[in-house]
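The following pair of complexes shares a single chain, chain A, combined with chain B in the former and chain C in the latter.
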Partner chain A sequence: MTTSGLIAETYRQELALRRGRAAHAGTLVVVALAVLWPLLLSARWQTAGVFALIAAIAAMGLHITTGLAGQVSLGHAAFVAIGVYSAVWMGVDQGWAWWIWLPASGLAAAVVGLFVGPFALRLRGLYLAVVTVALLSVTQYVWGVWPDLTGGFNGRSAQRWDVRGHSLFSELDVFGIITLNGNQLFWFVCLAILTVMAIGARNLQRTRPGRGWAAIRDRDLAAAVAGVPITQAKVSAFVVGAFFGGIAGALLAAFQSYVVPEQFGLDLSVRYIAIIVIGGLGSVAGVIVGSFFVTILPLIITSLTGLLPFISERPSTSGGFTVDLASAFVYGLAIVLVLVFEPRGLMGLWERFRDVWRTWPWSR
Partner chain B sequence: MTESLTELPSPAVDRSGAPLEVRNLEVGYSRLSEVLRGLSISVPRGGVVTLLGPNGSGKTTVMRAIMGLLALHDGEIRRGQVLLDGADVTGIDSGSMVRRGVALVPEGRQVFATLTVEENLRSGAHTQLRSFGRVGRGEVADTFDSVLDRFPLLADRRRQQAGYLSGGEQQMLAIGRALMARPRLLLLDEPSLGLAPKIVEHIRDVIVDVNTEGTSVLLVEQNAALALGIADYGYVLESGRVVLDGPAAKLLANDDIREFYLGMSAGERTNYRAVKHYRRRKRWLS
Partner chain C sequence: MVKLLQLVFQGLSLGSIYSLIALGFVIVFKGSGVFNFAHGEFVMGGAYIVVVGSGRLPWGAAIGLSCAVLVVVALVCERFLLRPMLGRPLFAVIMVTLGLSIMARALAAMLWGVTDRGNAAAPIGRNVVRIEGVALPWVGIWTIATAAVVVAVLFWFFQHTHYGLAMRATAVHQEAAAAQGIDIRRMFALSWAIAGVLAVAGGIFLGAFPRQVGPSMGFVALAALPAIIIGGFDSLPGAIVGGLAVGLMQVVGSGYLGDFGGGRFHEVLPYLVMLAVLAVRPFGLFGSHDVERV
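Right after this comes the complex of A and B.
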């Protein structure tokens, strides 16, 4: 704990992953929450939770490309889709083991990222975004004309995830203490992967390439003048971001058990952008908070359908709001509010609250 | 085209081993406009060379071309060479240029607004750490201290966010950041732009100081009096070409320079009618 508790006074503190006792306690709370979520909540919330974890991994990739390195990408869903279909091809069509298809689908997406990256060298902002949308359309087209792989318009069943002959979807007895169902198992597997990748992303931010990304985002000219290799940095931002997307895609394929190409369109990309903006651009923890917010929101609205007028659970011919529509409105509104009032997102809101709390009564 | 005033190179400077030589450089942006049309300059070891010229004459583009920044601006070198210590570095990326000992203070300062003064300065040492086979942290710390010595104002504001500094302080910061790379050749793009005379003086002193310690300087300036005051040699650019060059003392004495860059004409005020038609009256354009 530093004297002030807020401001790093030495570079050692600045570099520490967590600062102070309160942060340790906070970590414990988060861990407890993560363990209890699937054990206490119903199947519906469990499923949503797993989707949120997977979305967090995917959005973490976009966070690196866009939040850290500042390269606006609307094509992130394409990387996720590449992860999905690489995993399906390797896991189902070829019958390879999970420890092959899981990392390999990340790598497959990363390779595609390697080819998209160079566009970022000459294009900035909106123009780059347009190119990434083009990537999305190209991949969508490929999925459409490749029914052997994707099942075309109708989609196809994706793989089962077996570990030593045990399917992740069947119940597992853990040391005779507790029996986990498929959703719960998936939750813990995804949680483990997310934890590793989040710590990886967090640490990456503080390495030389990570600082280089931030420098390019803030002032590319100054970064270039300081000697940051612009080409390498921009391309690697896409490659690393795509890798995260690919891994998320592989997990999605395993969890969904049925995938339709249409899932991975612009909608999904925009949803990832919503996640990183709402969570707070440039913050790893924000990505996780944001993905839970965006993924869980429809569920919350669904459970409120009884209380709110106008909103119906299913689309009806008489018009009115569906849950999807309502949640789209809510997170659209959330983005606007975030951008206007707290550009650092939900994480910024939390930090503000925390700082006020810590320095009370000197804070106002 | 070039009317050279050079009879003999200025004595203090050894022009034979020019660390930086630009030969017949042609640069354009977006495949359309041609900005530099066969420009040649050289910066001798330990010298201060200045580029003068009106807006749009290509001064900044020269800097970008040397530093390998054209790609960021959608520009390209179409012909010609940039030589550093005799090695061809045409179109090399900026990172390698920094590692070869060239640092640029870009136009408009370009500091990282959200970082502190100290962090900004340290970002300049990006290529300096041992992973690039250069120097250790101790030496970076020494450089850091020497930069703060040069700019006491920055030392006072060490922990402040650079975005809240005044223009002059930001300019000092930008120069300090470039010095953190311990350059052999320092490129400065309009360091005096929009600054108070007192700060301009300070910056001038720093440039002279850095130069006496052995760093060659290429200075782009609108403020011709300042530039020619500290330079050994000057080039006048117009429409992407060198139209006049020579030792600074000679340029200072040149009637056209006096009239069009220093605003003096044989003791009387400049006649605005004449200025309006200055193109016709410039001897080098005839």
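Right after this comes the complex of A and C.
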């Protein structure tokens, strides 16, 4: 039974981070995938991969606000947008270095989160959800009427990410072993940031405030009776979530190198919710799986066009069965199906499979 | 004065459309406990079917067809997607409807393309009645009249019919209503069917001159969100008052605040008023307070 990891026989096993051979193998596969993805796949998949990593950082914030603390937020894209425009302002307009604009744009978003948080004290559920929609439309309005910052309707170019005079977009020779291109560099940088933030998010769950979040998610009134400081817990859920969103925004601006205000609307918020729901609500690994699923989906459908003749690859204004529309449809369908049939998302599917597999042949 | 009257008329006609849309949201929410974010897409779909259908059918027949399609779609969504979600967290239910709205938008773009498809109320025409210098477009008059008739019919339905009473009873307390022999599931279906018809009514006028039927209608319909909050989520009179208020704010605001805040201030005005209302009354103007127990 030791290999299955179900029962610990020694204290060492009980304390182990991962149990059993299969779990070690799983970790190796994930690490290998993370290293090989940018090295083996084509530029198109590399770009999608970086977008997925950035989306995972942003969704990690929503995971804290909504997945852990249960405060429904349809305005997460607003925090990302604040991260984007603070990074652009600091990086381009002021010409500050990356180690200033990256953390500072997270803090800027967190400050706005501090003002949204108090609304969660008096409002719940739907009322709170629509207040976050209001945040979204107010920020959209601000971007629209502040063309000096955002470039208005046409957008503007974003900051370059220079580390000691070396742009992250140009090729880098690593110890003479391998030459990494811009996408690959971005992948490893974002991967490092995501790893730190994911471990941070996971550890936060087990701190005092983290347990407080779980308590107010389940029932805020009961949590208050049990002595959880509700005001602090709700506001901090928004602040921490917004911080993650702001960091993701700064990365997004640097990677896209051109940003348009329109892209930070309700659609983007829904995308982040879709990520945490499809991945599996309340699970850090689920956030990462979900963001890859949602980001890669259009590419998968594009590669299916060769097999399915009725999907046309070119977008058209007169409609028809195009790749964009088909992937939008499948994306909506995935959200609905996951929620109706497997509320715990892709992670739930995986856990079910894993339990069957490791208790075989005694599984149901 | 003429300008103010003119703006008030325009605001009321836009507000009537928002009221119709908001009523669709509220009736579904009261009737089945689902907040249907896809209602905006129902409105869009209803308008598209009217505009495309009236190319081949008479206008009235196209409206009938649109109502029939929307009622069937609403019933299918309710029965197969949202009823399994009964008793699940509010967040999950909202997310299902958001997923539906993404699917509906993609489907609409596949069927009808992404370019605007013209006027959904073409037979009303573009003529204008002038009274003392105030120009009243026929479309606006029709909008307000239709909304008034719809509201009157709804009032009569909820106050004076057997089914209306049963729906109100279900909204107040499902178990108690079931104990009185009311078929709860039928009431759920009925509330969705009513919302389908309301979506067509709202869609026709939201897609009427000078606006057009197009793929962005779903988002325009979401402008009814502050209307619902201002009135209170579970209040039918609240939806009507909120809708009219939002319409007035947008139109009168755009008339008088053009020099202020980049000329687009009227777009966020309803949301700001909504936040102010919520700061004073966390359940909207007419919404009912939840009494919570641990």
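Here is the rule we use: the second predicted complex is superposed on the first by the 339 of 364 C-alpha atoms of A that agree within 3 Å, B and C clash if a C-alpha of one lies under 4 Å from a C-alpha of the other, contacts with A are read in each partner's own complex, and residues count from 1 in each chain.
Here is the rule we go by: contacts are C-beta pairs under 8 Å (C-beta built on N, C-alpha and C of every residue); 3 or more make two chains touch, one makes a residue touch a chain.
All figures in this text were calculated on a predicted structure; none of them were measured in a lab.
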Assess the superposed three-chain arrangement around chain A: do chain B and chain C clash, or do they fit?
fit
C-alpha centroid angle, chain C to chain B via chain A, nearest 10°:
70
So, does A:266 touch the first partner chain B, the second partner chain C, both, or neither?
second
Residues of chain A touched: more by chain B or chain C?
C
Between chain B (first) and chain C (second), which, if any, makes contact with A:225: first, second, both or neither?
both
Chain B versus chain C as contact partner of A:111, first or second or both or neither:
neither
Per the contact definition in the header, classify A:122: touching chain B only (first), chain C only (second), both, or neither.
both
Report for A:208: first if it touches chain B alone, second if chain C alone, otherwise both or neither.
first
Is A:339 touching the first partner chain B, the second partner chain C, both, or neither of them?
second
After the superposition, what is the least C-alpha distance between chain B and chain C in whole angstrom?
5
Can you give me the overlap between the chain B contact set and the chain C contact set on chain A?
122, 219, 221-222, 225
Can you tell me which positions in chain A touch chain B when the two form their complex?
121-122, 208, 211-212, 215, 218-222, 224-231
Which residues of chain B touch chain A once you look at their complex with the stated criterion?
67-69, 71-72, 74, 93-95, 97-99, 103-106, 110-115, 123-124, 126-127, 131, 177-178, 181
In the complex with chain A, residue positions of chain C that touch it
29, 35, 81, 84-85, 88, 90-92, 94-96, 98-107, 109-115, 219, 222, 225-226, 228-229, 233, 261-265, 267-268, 271-272, 274-275, 278, 282-284, 292-294
So in the complex, which bits of chain A are touching chain C?
66, 70, 72, 119, 122-123, 125-127, 129-131, 133-134, 137-138, 141, 144-145, 219, 221-222, 225, 266, 270, 273-274, 277, 316-322, 325-326, 328-329, 331-336, 339-340, 343
